[in-house]
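Okay, so chain A shows up in both of these, paired with chain B first and chain C after.
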Partner chain A sequence: MTAVAAKPAAGSAMNPTAMVVGVILLIILLVIAAFVSPGLGLMALIGVIIGGVLIGFGVHFVPVGGAPAAMGQAPGIATGVAMLAAGAGLAGLFGGAWAASQGFAIAIITGGVGGGMMMAITCMMVNFVYVFGMGIPAASGKVAKDPITGDTQPEYKSQGTEGHGLPFVSFVGGVTGGILGGAGGTLIYLELLSLYQATLPNVMNASSAQVLPIAVSVAGTFAIGMFLVNAVLTAYNITGTIEGPHDPKFKRWPRAIVASAVASALCGLVAILIVTI
Partner chain B sequence: MTVKVEVIEGGVPHTKILIAGLVCTIVCLYLSYLNVVTNTEMFSFFGGLAAIAALIWGSHTIKVLCSYGIGTGVPSAGMIAFGSGVIAMLLATTIKVDVAIPIVALVLAAIIGLILGYLANEVLNMKIPAMIQALTELAIVGALTLMGLAVLITGKFTFVGLTNGSVTLLNSVSMPSYQVSFIGGGLTAVAFLLGAIAIQHPFNACLGPGWKQDRMLMLTAECGFLSMIVAAFMSFALIDAVSAIISLLIALIGWLYTYGEYIRMSKRDAYAWLDSKPIPDVEGH
Partner chain C sequence: MEQIVFGIGITALAGALATVAGSAEDTESNIGSQGDPNSQVQLAPQMGFVHRIFNKAVAGEPPAYGLWCALGAGLAWAFLAMQINAVLAIVLGSLLAVFVQGIYATTAYLGRTASLSKFGQPVYVDILKSMTTVAMAHAFVAIFCTVTICYLINVALGHPFPLPLLGFIWGITLGAAGSATGNPYYGKERQYQNQKFGAGVPISASGNIVRYAEAGERNSLDNGFFTAKFGGPASGLCFGLIVFLELWRTIVFDNISPGIGAIVVGILIILIFTVIDRYIEVWARKNYGPYTAPVKEAAP
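Here is the complex of A and B:
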């Protein structure tokens, strides 16, 4: 079979035609939203797109190590992007949803703090296990000096590995990614929640207090769905593993921004259509 | 990532599994419509069977996609399948013509999956030949599995059926409540993960040089029935007890059979195995 021969050729190269097609798709989806639900729906969709882009951009910061990291042969947290993003993002989303009644800004900040804290705890415990459990120091394989602390890295790097543990810059990247992802997920949830709270009573012929469980549940489900779609697309962009913001793969983020914007616009449009048709 | 997944020839071709899975899922979903025709909830279990048929097809799609070594881990494919599927499924349930809902879900999910596949393959420059088709299939599988589990739990697949419930007060007065329902009660999230785990686990567990198609698909069926058992328990809250017991019995029998078969196939494919009893009886000490 050709599967073994045809390895994924995802490099850092951009595909200009596809980027243009992506932007055109985004505009078409926005126009459809403006057509079916001008005002409320369009505003919600723009919020959803911003949230999706925040998630897509945020995931690039998270130090994802994958299977090599589990064996101490590459830096990062030893699991896949989807799991890490789901952990941090959903922690943020739950925090933000809990604070939803406190107002827009507070809810989004709470979401960001929730995601950031989840990543901070994860990163700390990962380093704890690496240093005290596996007996390896933290060293980056991609840069000679930590961009933040200026600590040199190669002396601590074992031969035959790409680095190991979580250097300080990866830790900061993880927390930054958690904050962006949590805030983005919360933004999607809040936009959809306000849309459903405004429109569902008419659609279902019920009082706003009665439809609240439906609005919360549908908005939450959609927010989780969109979060996972954006996180996995970003995972495809970085093809699995990344060390953090200092990794050369980080420069691929423009592609993920376009992909996340289009994917969020598509999913957001579907979410809006539920209450408009 | 450095992990290489071997591609092994043989077994039933993917197209055949695709067609069989799709037909079985749609037929089972429509058989659950007997609930409406006969005005009972006895046929809810067809929803669970639809979900299992879709899962079997989906886990083979994941095998096709992940054989290219996408580098993000197998679970991510299950997550994107259900992330895009739940969105399509919820919109499809709001269609006014009840009979069209499964087909609309299929078409909507296909459109969403197609666009996501294009984004992954072209915008993100993955350049994997199977990518677009696989993500399209996975979105359909996600949507239909969720719809199947929704039918299993509530007996219906309309938005009204999934959001309306009732609570009985003082054993006599029945009051409508949106909270006692599939969507309002948050069961969507449980169904989401029950399906997502069942779809991504089999290939994740069976991949490698010793991969055998029948063993992986049997594991999928086993995971599907396991999810169906949990969903059947949840259905006690929303459908009548007799129907829920029928679903539970079918799920239990199916799980026992597929589990036994899976263990048999694992022993068949193993180089050697020792039946070490859990705690050996030690006598005379």
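Here is the complex of A and C:
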């Protein structure tokens, strides 16, 4: 079969074999963590995996239109999936890390709210530019009616385009994605920070106060790195652009969850090994 | 109380700096033609439209600004460790980061444009000479303001992250906010000024970007001049609001009710922006109206 004759639906199909292989890999990585660092290391790895999955799932909500959105040819925000998700998630991580001393739950919620705020402001400004700068109303190309507001969409699509701007459902999706990303990034940071705070004094033969700046820096760097890993993985799953939770591509999320879990487990294991070996 | 007032002052200063940074970032990316609209600059010669627009999009704006701001902040941090005055350290750090941006812009323009030689697109040396420095100047403003914000957050407000990490985080956020807000204005409103106002660019018109100005051929400085009137300030407003509100909710409300205060205010801010967004969407639907008559649903 040639590439031309191949069916285009392959992108959305689930591959059970790959999913099973992914789950087996995940279990192997968890067993290695349990063997190398039972207790604290294993708990940190589980936290990192949950954080990575939250990021991977959250990125699916973010309405990204890429280059076509920059010409008003497709709905969404005119930038890359990974970049926008990283911007929102890292803004959340900034807030979450600031609130780290106030407890686990408070820090994670603060991180989530920070990511959601960044997306709410950005999505509002996108519609502001479309409406007041370019005179273009928002219209979805994937659904006839906005699932939240019930607004009809096709008649607001200009000729020769797939829609433009951010319909309300995309705005809500963007904020939801920001919240999940910010919370996931903060969770990874907190798990690694607690691990490094406990282990670095022994590894470096120094006091807790002396290792704190190093623990914060390394945990922050790993959290950012894992954020980018999960955001890019999900960008591949989405294949470029997505309108939000109402987009048919959103249904691909189970595949990204498994991939994010495996990638986070592998990266998390590296983050754990640097202080346990 | 004194600490809260000091924090609010720093927050206001950071917000103002962020507004300038966002505006400069968007104008820089439009003069250099970085970000998603550059797909059309790359595509145009392939469709037979040779042009004099700069072309430096190797990476998207967020990772590019993440790199430059992290570089600026990292170098400033090193200079600070050498006991150099903070203002001088930030200026020197930003200056060195801008040289990296200049190298990136030069090699990107030469490489990307040379790859289009088979479509008859020349490499214009005068474009390289006149636009690179202007893009670098705008990048300096954006990087300097962002690194200063990071310094204020780290030193005056006591955020635990070191300066380079803050530079990376806020650099990525700056690029994300600037590209999300500014790209449509450059991509649709400027590059396709020959298309109808108040409608998206038909997919069939892709690559047919405007190449002529009032006198002679249009270049990227004309594009920067145009977008600096709306896209730039809108991007600045976006990044300024993000930085200001993120710091404000923490500085003020964490002192009133530790932990919970910042969360509640953050949720309220999200709700307020949701209402504003919905208002804008409905306003546009009412005032601009549909492009075609609504399709009537079949009677049951």
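Everything that follows uses one rule, which is that the second predicted complex is superposed on the first by the 267 of 277 C-alpha atoms of A that agree within 3 Å, B and C clash if a C-alpha of one lies under 4 Å from a C-alpha of the other, contacts with A are read in each partner's own complex, and residues count from 1 in each chain.
Here is the rule we go by: contacts are C-beta pairs under 8 Å (C-beta built on N, C-alpha and C of every residue); 3 or more make two chains touch, one makes a residue touch a chain.
Please read all numbers here as calculations on a predicted model, not as lab measurements.
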Evaluate whether chain B and chain C can sit on chain A together after superposition, giving fit or clash. clash
Which partner chains sit in contact with A:Ile136 here, chain B, chain C, both or neither? Use first/second/both/neither. second
Looking at the overlay, what does A:Leu45 touch: chain B (first), chain C (second), both, or neither? neither
Looking at the overlay, what does A:Ala235 touch: chain B (first), chain C (second), both, or neither? first
Counting only touches as set out at the top, which of chain B and chain C does A:Val81 meet: first, second, both, neither? first
With both complexes overlaid on chain A, does A:Leu192 touch chain B (first), chain C (second), both or neither? neither
Partner chain in contact with A:Ile274 - chain B first, chain C second, else both or neither: first
May I ask you to decide whether A:Ile55 touches chain B, chain C, both, or neither, giving the answer as first, second, both or neither? neither
Once the structures are superposed on A, label A:Gly66 by its partner contacts, choosing first (chain B), second (chain C), both or neither. both
Under the stated touch criterion, which partner chain does A:Gly95 make contact with: chain B (first), chain C (second), both, or neither? second
In chain A, both chain B and chain C touch residues 66-68, 79-80, 83, 86, 213, 217, 220-221, 224
Quick one: in the complex, what on chain A touches chain B? 1-4, 6-11, 13-15, 17-19, 21-22, 25, 66-68, 79-83, 86, 204, 206, 210-211, 213-214, 217-218, 220-222, 224-229, 231-233, 235-237, 239-241, 255-256, 258-259, 262-263, 266-267, 270-271, 273-274, 277
If we count contacts the way the header does, which residues on chain B are in touch with chain A in the complex? 1-4, 6-7, 9, 67-73, 75-77, 79-80, 82-84, 86-88, 90-91, 94, 108, 112, 115-116, 118-120, 122-130, 163, 178-179, 181, 183-186, 188-189, 192
What does chain A use to touch chain C in their complex? 66-73, 77-80, 83-84, 86-88, 90-91, 93-95, 97-100, 102-103, 106, 109-110, 113-114, 116-118, 120-138, 149, 151-152, 154-168, 171-172, 175, 213, 216-217, 220-221, 224
In the complex, chain C residues that touch chain A: 35-37, 39-40, 60-63, 159-162, 165-166, 168-170, 172-173, 175-177, 179-189, 191-192, 197-206, 230-231, 234-235, 237-238, 241-242, 245-246, 249-250, 254, 258-260, 262-263, 266-267, 269-270, 273-274, 276-278, 280-281, 283-285, 288, 290-295
